[in-house]
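Note sheet for the following structure.
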Amino acid sequence: MNPVNYLYLAALLFTIGATGVVIRKNAIVVFMCVELMLNACNLSLVAFSRMHGNLDGQILAFFTMVVAAAEVVVGLAIIVSLFRARHSASVDDASLMKL
Amino acid sequence: MENLIALLVAAPLLGAAVLLLGGRRLDRAGHLLGTVMAAASFGLAVVLFTDMLGRAGDDRSLHQHLFSWIPVGGFQADVAFQLDQLSMTFVLLITGVGTLIHVYSIGYMEHDERRRRFFAYLNLFLAAMLLLVLADNYLLLYVGWEGVGVASYLLIGFWQHKPSAATAAKKAFLVNRVGDVGLSIAIMLMFTTFGTFAFGPVLTSTGETSEGKLTAIALMLLLAACGKSAQVPLQSWLGDAMEGPTPVSALIHAATMVTAGVYLITRSGAIFNAAPDAQTVVVVVGAVTLLFGAIVGCAKDDIKKALAGSTMSQIGYMVLAAGLGPIGYVFAIMHLVTHGFFKAGLFLGAGSVMHGMNDEVDMRKYGGLRKYMPVTFVTFGLGYLAIIGFPGLSGFWSKDKIIEAAFAKGGAEGWILGAVTLLGAALTAYYMTRVMLMTFFGEKRWQPDAEGNEPHPHESPKSMTIPMIVLAFGSVFAGGLFSLGDSFIKWLEPVTAFEHGHSPLSAAVVTSATVVVLLIGVGLAWLQYGRKPVPVVAPRGSLLTRAARRDLGQDDFNHVVLVRGGEHLTRSLVYVDHTLVDGVVNGTAASVGGLSGRLRKLQTGYARTYAVSMFGGTAVLIAATLLMRAV
Amino acid sequence: MSLLAASATSTGEAVQFWILGTVAVLGALSTVLMKKAVHSALCLAATMIVLAVFYLANGAYFLGIVQIVVYTGAIMMLFLFVVMLVGVTAADSLKETLKGQRWLAALAALGFGILLIAGIGQVGISQFNGLAAANSGGNVQGLAALIFTKYVFAFEITGALLITATVGAMLLTHRERTERASTQRELAEKRVRENTHVPPLPAPGVYARHNAVDIPGLLPDGTPSELTVNKTLRERGQIRDVSQEALDDLKALEQRSAERLGRDREEENAQ
Amino acid sequence: MSFPLLTATAALPAIGAIVTAAVPAARSRSDGDGPRGSGTAKVVALLFSVATFVLAMTVLVRFEPGGARYQLTESYDWIPAFGVRYELGVDGIGVALIALTALLIPFVILAGWRDADHLENSSRRWRPTQGFFALILMVEAMVILSFEATDVFLFYLFFEAMLIPMYFLIGGFGDRASGTDEAQAATQRSYAAVKFLLYNLAGGLIMLAAVIGLYSVAGTFSLSEIAQARADGTLEMAASTEKWLFLGFFFAFAIKAPLWPLHTWLPNAMGEATAPVAVLITAVVDKVGTFAMLRFCLGLFPEASKWATPVVLVLALVSIIYGALLAVGQRDIKRLVAYASISHFGFIILGIFAMTSQGQSGATLYMVNHGLSTAALMLVAGFLISRRGSRLIADYGGVQKVAPVLAGTFLVGSLATLSLPGLAPFVSEFLVLVGTFTRYPVIGIIATVGIVLGALYTLVLYQRTMTGPVKPSVAKMPDLKVRELAVIGPLIALLLFLGVYPKPLTELVDPAVGHTLSDVQQKDPKPDVEAAK
């Protein structure tokens, strides 16, 4: 097997994640799908690292994780405050660009 | 001596400024100040005149350069004065008659609360008129030209509370403006042709350019003259201008301002001499106006309007004479001066009559006034005799020369012009006799007005009668004085040039013909108005009479074509501006707005809609990248 | 290509890839398609663990462990935490409300996926280098050497990012209490002043079949009164509406009594 | 480095604006209905404007008409990355217009002394008086800087920036509505303000594109450097590029000026704004447009200017006639003056593009004189309107009977507007006509029709408002007050002085016009008589 298969897998997962972002209404699930997309990217980065034979790809994946962590923290906080204001976690309810 | 020239203008100008700025404090002394200023100007003119007489004929022209006015590149306009015999003649006429009319106005305007302002305007007029005749270039002349226009505007509309006066003032200014366009185009043409518009250089270098150019300049000058001198086709304002106080009519619309056109043509003689076609037009205009004014004058019942028609007609004589070239210039000016005397006298007489008749102007409500106001009657009568050309009086000398000159034009033209001038003389005799008979003879025809005030005709105060007497003297003797030894011709010849016309008829024949037509005219008038009583209500009259009462339809034409047409034009333009010009802009804005409204619907506000478009966009980007690689 | 280049991995890894890869895809699909957020979260966790294994298989030992500890352990727990906070049973319906969204999503997904995969396929890499050399001094040491030298700036900045994110999250969720909490007495006085609910709120389950806290009491006309249910339950939408059942029961009761009365009347008539 | 006089002249009103805006709103007076202590702000604004006038006069004195083309120059790097420099300098035209601006602003402030009063108590707005006068001073600063900038980018900046205070002046401060619905007036006002802003922004943005285009062609924004490059022959500008750039600049200036058919914003803006602000628009701000045509269109794109001349001349001619005809048809005093201004701007543009020394000197003089005459007419009209509370001509009649001084000054303003000889506008109008006539006789002759129409609309206005029987609604109208006389008296005096003795102005302007003409490589046509020799 060739490590390129990991890239195919990553592409597939990314697509699934992106589709999820688009079709789900629950903000938390949307967020999870975003995480899925990030993970798919990480997988491809790791695979690249292996294919190139150096660790830079892994470093990038590492940074992605850090950024993802920060993003999750802020994003979930937004979801919580949105829920408080609207009593709903549906992204479609927040369509007025104001609270 | 030449340094005094500016003072001629400055004195009345100062008077006007002081009177206008001085406010109510000057109300009591205002008229005296104004009169003194006019008199000062006259005194100065006399001083200059005596000085001028003391010098040789070709050394009489004085120049005074005050300052450079508009220096831009090759365009050099100076404020500079030129006093030669022609200007001198005018200066004396203007300041002399002007001062008399100032004196007259003291009495005439005595009960008007705005008398101070009246004198301010009169002074302003004198200053502008003097500027007009003293300027040494056309642009400065233009300043005076419009200046007298404004003064005339202010004075015609002096009783502004009367809508008719305000309208007449506006009309006079507007019609004059049309003429002014001619003057400004003429100046522009001179500038492009000669590079200057000062009298000296322009008038001496007419030989260096083509006749076509000169004809164009001359025609434009003629247009200006038509405006100011109420010649056909720009004559319509003069009749309405009689809305102004009578001294104004006497000074501006009889003696001085309206003759400015004649001055302009005479002054520009060199140009006209070199443009025979233009001269022909001048003669035609003069001849037509001569008859036009006379016919209108025959039909009017308003004493001032009848006199206005007469003025128009007499200026027609002058213009005609000026159009004849060197054989006529001198006589045009001579008639202008004598006319200044007798017409001012007639107007002042008319004013005196009105003064005694509660401002009634309809001659049909006069009658038999000779008993009530003898001084007025005598002075008016002398003026009357002068204007109809009674042998020996002023009008006879000047008018007779013009008729002679008209015949001397030569050829068929000469005969036609001669016939026209003779016809004009007959008409003059007719309508002036009519005025005379209706006013001073016959039975009294006045009745109490609606409020029961019956007019009590009385002689006017001294301040009014004295100027009338002085002018009557002028009417009687001026012409003879001028003709004595051809003194006037010799006086003006260095400026205007003079040639003796060779008339196909001898002078004696012309003179007797003149006397004959004069008698015919007087006789006809007497048959109609002297023999039988004058009806108080005007009869319907013949078609010509009715047309003449309506100024031969010219006002109707103006109204329908210019006023109505203009109103429609502006109204439709306002509509166009609002709907079309603005509409295009607003339409663009509206269509952009509409498009945005459609596009706005794409922006649902749902994050997922945006996400899907982003997703699709990424797909497109990838496709594009792949395609680029494939290519 | 360096000398270390290889063209295929071991068979064991291939087997592992195909089996776990299937699991990962299924997990991802379930994340998207599960109705309840909790289930989605669990499925995502499964996928992440599979990915961790793949990281290990690719020689990214440190990342593999971090994936399990930080991602699956911490971040996914955070997700669950929020899911619990927002409401476990607040299931969002899978019914699509935006017109054409599904079709567009499907089109975009298909286009995107196919193009991406086609793109990868087009590159056609047949050889790879392997990490043997890079990992020779130990994966963690290798990473550390890079992080603290070449990427030290980025690393420092991530620190700032994390701090900012923490502060941001606090700001977003923290609610300052700007006034003293009202005492019970004050609340009671306020109710009297405003003349709303002067007596205590009605209790749940009144006139209903049950008196459980999540069943609203019925109003005289048989409709449920939401006031009777605890606010928290109300906001979570966890009200069991029994009004219809109750009305049906009432109807049945009336029916039965009518029948009985009718029978009695018939009996009387028969007599 | 000598004292930066030009910067100071522009900075003083800007500082004045800030100080005026900062004047605190004093407590209400005890009697309750007087305006809250806004008098200080007025005095401060007036003092600053007068001080600016003094500085402008210093500029005028220090400027040597026969000297270098741009004088009193200042130059600093500003954004070196794009070669933008803070470059100031004035030529004779600029000096004349700066003097005009600095002269008019004190009168505008004095005339608008009570324009914001009615907003003080009746509205929730924040310190309207301070705002009104601060905005006026701000406009002054921007306009002066536009006249001074010799860097194209710098000019563009101020050209656009002056829109902001103007927008608020038009939209925020209207006549005190009496009889008409205040809400409706506010709607019309904001419509006018938005229209003004959109028109001018549209022009400005197109000009920005042209400015950037110019930079990409010339590599610099500096006028002097571009002129140097052109003189050295190192400036490579294709003919088509030049035409496009010219159009971009000209479009913006034609809107500002305004030239038919881009004029429709002006009547709205002038109609809705108070009279002093209307004066500010037409006498000061719009002058930047015509000034910029002279300095930038002709100076930067000489060939394209010549290429466009026939079209521009025809448009100017249409403006003259069209503006005058529409003025005749107006029922609103201020709109009438606005259309009259459109006609006058037609004359200015005609003079500029006739490309003769008389035409361009006349156009420059026209800018100054039109400023004075329109200010005189419009401010008196404003005094009139403030007395009766109506802008409709039909609401007046017989005013001269009750307020003779007002009527008299109005008449002088009217006569100046119709270019009566003896008053300043005549000199400029005649020069423009002569300048046009020497090169384009037919256009010159048609333009003289404007003279007649000018008399028509001013005299009709005077007749309808001032003469005739006294209407009851104006029967108790007071005559001009001392403050109003202080505004109008000097203006009239200046109109008279410049009409009789315009030489100082022509001497100031002539060398600059000579430079512009040499930019476009045009010489005055020779008179026939000389040409023949």
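Think of it as A, B, C and D in the order they're written, each chain with its own count starting at 1.
Quick note on the criterion: a residue touches a chain if its C-beta (ideal position, glycine included) is under 8 Å from a C-beta of that chain, and two chains touch if they have at least 3 such contacts.
Keep in mind that this is a model prediction, so the values were computed, not measured.
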item	value
Contact-connected components, chain D excluded, all else fixed in place	one piece
Between A-C and B-D, the pair with more C-beta contacts	A-C
Approximate Å spacing (C-alpha centroids) for the pair chain B, chain D	37
Gap in Å, rounded to a whole number, between the CA centres of chain D and chain A	60
Chain centre separation (chain C, chain D; CA means) in Å	67
Inter-chain centre distance, chain A versus chain C - centres from mean C-alpha coordinates, in Å	15
Contacts with two or more other chains, residues of chain B listed in rising order	604, 606, 608, 612, 615
For chain A, residues that touch 2 or more chains besides their own	18, 22-23, 25, 92
Residue numbers of chain D (touch at least two other chains)	none
Those chain pairs that satisfy the touch definition	A-B, A-C, B-C, B-D
Residue ranges of chain C touching chain B (in the complex, touch as defined)	98, 101, 104-105, 107-109, 111-112, 115-116, 118-119, 122
Touching residues on chain A, where the partner in the complex is chain C	1-9, 11-20, 22-26, 28-29, 31-33, 35-36, 39, 42-43, 46-47, 49-56, 58-59, 61-63, 65-74, 76-81, 83-84, 87, 89-90, 92
Residues of chain C defined as touching chain A within the complex	2, 4, 7-9, 11, 13-14, 17, 21, 24-25, 28-29, 31-32, 37, 40-41, 44, 47-48, 51, 54-55, 58-60, 62-63, 66-67, 70-71, 74-75, 78-79, 82-83, 85-87, 90, 92-93, 96-98, 101-102, 104-106, 108-109, 112-113, 116-117, 120, 125-126, 128-131, 133-135, 139, 142-143, 146-147, 151, 154-155, 158, 161-162, 164-166, 168-170, 172-173, 175, 235
Interfacial residue positions of chain A with respect to chain B in the complex	18, 21-23, 25, 91-92, 94-97
Chain B to chain A touching residues, read off their complex	604-608, 611-612, 615
